[in-house]
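Below, subunit A partners subunit B and then partners subunit C, in two separate complexes.
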Partner chain A sequence: MARLALLLRLARRSVLRNRRRTLIILVAISVALWAMIFFAALTRGWENDVVHNAIFTLTGHLQVHAPGYRDDPSVDHSMKPPNATVAQLLAGTEVAAWGTRVRVPAVVMSEHDTAGVTLVGIDPAAERGLSFIADAVHTGRYLDSPDDRGILIGRALADRLGTGVGKRVVVMSQAADHSVADRGFRVVGLFEGDREATEMAYVFVGRRTAMTMLKLGSRVSELAVMLRDRRQLPAFLARLRTAASGLDVQPWTTLEPMAQAMVALGQAWIWMFFVVMYVAMAFGLVNTMLMAVMERTREFGMLQALGMRPRLILIQVVFESCFLLAAGAAAGIGLAAGTLSLLHGGINLSILAQGAEMWGMGKVIYPAAAVVDVIGATALVVVLGVFSSLYPAWRAARRVPIEAITRN
Partner chain B sequence: MSAGTVIRSTSPQRPGLRLYLRLAWRNVWRNPRRTLLTLSAVAFAAVILVFMVSMQLGGYGAMIRGATGVFTGDLQVQAEGYHAKQRLRTAIADASSVEARVAAVPGVTAVSSRAQAFALVSSATRTYGGMIVGVEPAKEPSVSTIPRTIRKGRYLSGATSDEAVVGQALASNLSLTVGDEITVLGQGLDGSLAVAVLKVVGIFSSGVPELDRQTVEMPLASFQSAFLLGDRVHAIVVRTGGLEAVPHVAGLIRAAIANRPGLTVLRWDQLLEGLKQGIAMDAAVGWFLYTALVLVVTFSILNTFLMSVLERTREFGVFLALGTRPRILGRVVILESVILLLLGLAIGTLAGAGITAYAGVHGIAFSSSEELLAQWSLPARIYPRLDLLSVTLGPAAILLATLVAALFPARRIRRLRPVDAMKAV
Partner chain C sequence: MTDIVACHDLSKTYRPDHLAVDALTDIELTIAEGEFASLVGPSGSGKTTLLNLIGGLDTPTAGEVYLRGQRVDTLAPGELADLRLNHVGFVFQAYNLIPVLTARENVELVMELQGLGTADRARLSRDILHEVGLEGLGDRRPAELSGGQQQRVAVARAIVSHPAVVLADEPTANLDSQTASSLLELMRELNQRHGITFIISTHDPMVMEFARRRVMLRDGRIVDDTVAA
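Right, the complex of A and B next:
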């Protein structure tokens, strides 16, 4: 123990002996770690945004459809509302929100223009906590009830159609009996989505209004469920599949494969960058340690001549690089924490909104440092850093005392 | 070499470049291990930057070519205001004469006119909303890849007026196969009902989900008569020799149609604003990563430069005592750094270019995320683009940053006092 304390003191003094050199390598280590953590946080922010958007844009954690609906989302593939066993499951504590919807392709016409959209019939109250729409109304009002006779359309769509709150639009779609169903609606509100594509894609009406218009009877297109905790998904999914046999029960990861693929891509990017940064930093660390060792050849020779074991010299040098790495890592993490807290309010991308949308991002991205990335980056830098300092340490320990002292 | 130069270069008063070089070269190899490590650091950064920049530029090129090639084209001539609000009446009148004028502009390799409108598309059992595009069957293949991505049946022949090709997703939504009939129901120019009954001759899969989900292509002439457009079109799509030529050709076209007010020439980056912004964003993230890498490498090798000066304090003291000017010692030190950097950059750039050239031939496959890439109009294999810019950009940035780092230790020499320096260990 005393020996270890002595080694630690020796190492600390050696590190502090050449302050400039120590400072320079500390800058290299901390910049590397800062960049790693910051980039990981940006990527995680992007991932979170993609996933959040995928889940809250009418997907939920899982959905139930009639078989065939996902390939052909039309009135032909509708289903009965949840039966007693399913309803019992939905009343469970792990369910945060659930709702049934009518969701079919439709055409919406104003006096100026026509656009293809998805008509969504919702239970306005059930959508709270289930999808974005309940909190997205920008002007006008939200729908009151499943029987509401008004329509809620996106701001961008309203702009394109040249319509607005209080004006009338006609919605056309196919009814369950294959006739063309059309119905006039008064625009009661405009919603704002995080992405323009959302504002263009969906129009919302009361669920029962839609069922009447499409002659669906009591049938609906989908059941969406939001759980309290995403981790409960596999277990809940299994139980729901048993309860709703004959129906197509799928988690959001299947329903939104793009979001899943983007997360995987982000993960791969983070690690590629980590490795590149580590290698760039390691060259500097090895070189610095090598220099520190070479210029102290006489010192090490003397220590050995006085009876210090080569192994202890090796440990001392490794301790030195540990000090450098730990201090550099602390500074890097501190720097990253500072940068991220400056960006606490998110990075506003609205001037590049269309570009952001191309990468699946919304108008604001919130960098989010994941604990696993911070630990991963730090572990990579420190553990492999110590590992790469073994070479200089080994060189220091290898010197034969006489040769080392008489050199120079 | 004349005798005069030799004498000048060995004179202590005015040593020549050759002497500096010889001194610097020897100093570089005085500590081979350190030199090799420094070289590796510089070379590694150069390899990464050359490869990544080439990859990025190659990816952007593929994205732009993909996105413009499918449907949009390099340039479009439109009526003013049509791009912002696609109204049926915002059309180019007397289109055939405009098209002829555009086709005659040098640098234009292909031209085709289109008219389009949103309409209801019905099959026997289903009705969906769709984008109906009237195209010139003979010319469309030269401006769009859709005619080449027919999965079933064939493209429009131009022989009959009632043909249509339908996007794959729309066809499956309408449960259509080749040979079926569709009815198109829209609004004509005068507000009256526009109706066309068409026979599906082909089903295409362009790879762009938005197009495959909603597009129906039909002959332009029948479109114009169904929607009462006369000789009006909405876009004259232009292809040029390459993306670099686009701004120049755009200017020429603008001049050629200057006598026709109310028309505008839009480049791909104006037509596909999202693509341009997406590339700008990706490039910004790239710059952040590269800057961080260059910074880390610079600090990593700054120590080498500093050490090579500090450990030679005594030697410099002797030089100074012998009458060498500090300025000249500084130059030698900088020269050492420059030699080291150029050597490292040369190795790294060559290796990077080699790897990139290999990848440029074979492509880099991202098999697991093919669908994801298609969404960004990227092919399954990305071919990095190796050119002067992509090869020199990264190494130049490294050189610049590390040169600044090299100046820092060299400045120390000026402050040395011969007697003190000679006493140093």
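Right, the complex of A and C next:
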């Protein structure tokens, strides 16, 4: 214990000996860790945004379709509404929201232009908490009921069609009997999506209105389910697959493979960035420790002459690195916490909207620090930092005392 | 008296492969317990090399070194460290103290490495600092002490754990004559009071006067070994 206390005292005071150098390496360590945590939080925020957009842009946590619908989302692949067993499952506590929809390809026409869209027939009340649409109405009103005769279109689509609230558009699709189904709708509201692509892709009408227009009877295109906790998805999915046998039950990860791929890409980015930052920091740390060791060659030689074993000198230098790393890590975490706190309201990316949209991002990104990233980055910096300091420590310890003492 | 140090056929050659320099050649030397001996000679005569070999800081090219009957030149680095820790005290010409430790902590350094308890260390360091005339200066860092005071701290550190031998390499070289005389007086007193063996390398005539035994080296060989009456 006496030796340990001595080594700790020597290490602590040696670190404070050259305050400017210590400050520089502390800044390097803390900035590296800050950058790692901040970048990870940005990436997590982006991941969350991608997943949120994927889930709330009509996907939900899981969906049920008729077999073949995902390859050909037409009226030919419609299905009956949920049976009693499925309905009982949907009434469970783990389900936050669910709803059935009619969802088919269609064409929307105004007096100025035509656009290919997806016609979505919804139960307006059921969509609250299930998708973005209930909270996305920018101008006009939301749909009242499944029998609402109005249509909600995206703001960008309205611009393209040269239409607006109160004007009429015609929607054309294929009916269940393979006849052309067309109907005029009055635009009752314009919605604003996180991405312009969403505003261009969907038009919303009442579900029963759509079923009538498409001659679907009681059949629907899909059942979407939102769970209270995403972690319950695997278990719920298994139960629903059993209950809805013969139907295609898929989680959002399958339905939105791009989003899932981006999440995986985000994870890889985080660790690649961590490694790059660590390497940059490690060079600084090793350089600093080498300088500190070289200029104290005689001191280490004298300590050996007095009877300090080489391994104790190695431990002393490693302790010095530990002090630097611990202080730098604390400062880095504090800095990151402060930065993330300041950006709690999100970072507005409107200026980069088009580029951000390509990466599945919305207009605002909310940095989200994950405990695993903070621990991972700190562990990487501290553990591998200590590992990096072994070289200068070894250099200090391997000095033959007489060479060290007689060195000018 | 028991021999504390014994060197037999001791030789040291630097750069033996090319441009060889014979620092020591065929040294035969014994130092008895409690002696106050000086190694004298001009620069390059081999004084420091001999001290380093005796203290296990360096290894000989040929010959044997014994300290308290234990052969030194065949020990592994870790064993040499233990030997120095427990049986040898060093006083160097300069840069004797650890700058980040106070005078008291410098004195306690060896005892801490030996694993001595806090109370014992405090008592022994207090006593020894008093003995070398540095009472009240224990909390000062080396930079806050004069050269003579620093050397006194080094002497205190060297003798505090009662080593078999104290090896002092030109301890007065950086001191003015009055401070040097005071330091030598102190070392002689400690030698007489505690019976600790001192071997001091020097080319300072004042040191030669203080030492009862004078071993003269020239070109790596002992050319004279006299004991004052």
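The rule is short, and it goes like this: the second predicted complex is superposed on the first by the 405 of 408 C-alpha atoms of A that agree within 3 Å, B and C clash if a C-alpha of one lies under 4 Å from a C-alpha of the other, contacts with A are read in each partner's own complex, and residues count from 1 in each chain.
In the analysis below, contacts are C-beta pairs under 8 Å (C-beta built on N, C-alpha and C of every residue); 3 or more make two chains touch, one makes a residue touch a chain.
These figures come from a predicted structure and were not determined experimentally.
Engineer: After lining both complexes up on subunit A, report clash or fit for subunit B versus subunit C.
Structural biologist: After superposition on subunit A, subunit B vs subunit C: fit, no clash.
Engineer: Can A:L290 be said to touch subunit B (first), subunit C (second), both, or neither?
Structural biologist: Once the two structures are laid over each other on A, A:L290 reaches subunit B alone.
Engineer: Looking at A:T118 after the superposition, I want to know if it touches subunit B, subunit C, both of them or none. Which is it: first, second, both, neither?
Structural biologist: neither
Engineer: Using the superposition on chain A described above, determine whether A:H178 touches subunit B (first), subunit C (second), both, or neither.
Structural biologist: Only subunit B; A:H178 stays clear of subunit C.
Engineer: To the nearest 10 degrees, give me the subunit B-subunit A-subunit C angle using C-alpha centres.
Structural biologist: 90
Engineer: After superposition on the shared chain, which partner residues are touched by A:R13: those of subunit B (first), subunit C (second), both, or neither?
Structural biologist: Second partner only, subunit C.
Engineer: Once chain A of both complexes is superposed, is A:Q232 in touch with subunit B (first), subunit C (second), both, or neither?
Structural biologist: In the superposition, A:Q232 touches no partner, neither subunit B nor subunit C.
Engineer: Tell me the contact category for A:Q250 with respect to subunit B and subunit C: first, second, both or neither.
Structural biologist: After superposing on A, A:Q250 lies clear of both subunit B and subunit C.
Engineer: Decide which partner touches more residues of subunit A, taking subunit B and subunit C as the two options.
Structural biologist: B
Engineer: Once chain A of both complexes is superposed, is A:F273 in touch with subunit B (first), subunit C (second), both, or neither?
Structural biologist: first
Engineer: To be precise, I mean the smallest distance between any C-alpha of subunit B and any C-alpha of subunit C in the superposed model; what is it in Å?
Structural biologist: After superposing on chain A, subunit B and subunit C come no closer than 9 Å at C-alpha.
Engineer: Help me check something: in the complex, which residues belonging to subunit B touch subunit A?
Structural biologist: 33-34, 37-38, 40-41, 44-45, 48, 85, 87, 118-120, 122, 125-131, 172-173, 175, 186-187, 214, 273-282, 285, 288-289, 292-293, 295-297, 299-304, 306-307, 311, 368-369, 371-372, 375-376
Engineer: What residues on subunit A touch subunit C, complex-wise?
Structural biologist: Contacts found on subunit A: 2-3, 5-6, 9-10, 13-14, 16-17, 298-299, 302-310, 312, 400-402, 405.
Engineer: Give every residue of subunit C touching subunit A within the complex, in rising order.
Structural biologist: For subunit C paired with subunit A, touching residues are 52, 55, 57-58, 77-78, 81-86, 88, 90, 92, 95-96, 98-101, 105, 109-110, 112-118, 121, 157.
Engineer: Mind pulling up the subunit A residues that touch subunit B in the complex?
Structural biologist: 20-21, 24-25, 27-28, 31-32, 34-35, 39, 42, 71-72, 74, 105-107, 112-117, 160, 172-174, 178, 180, 257-258, 261-262, 264-265, 273, 276-277, 279-281, 283-288, 290-291, 295, 349, 352-359
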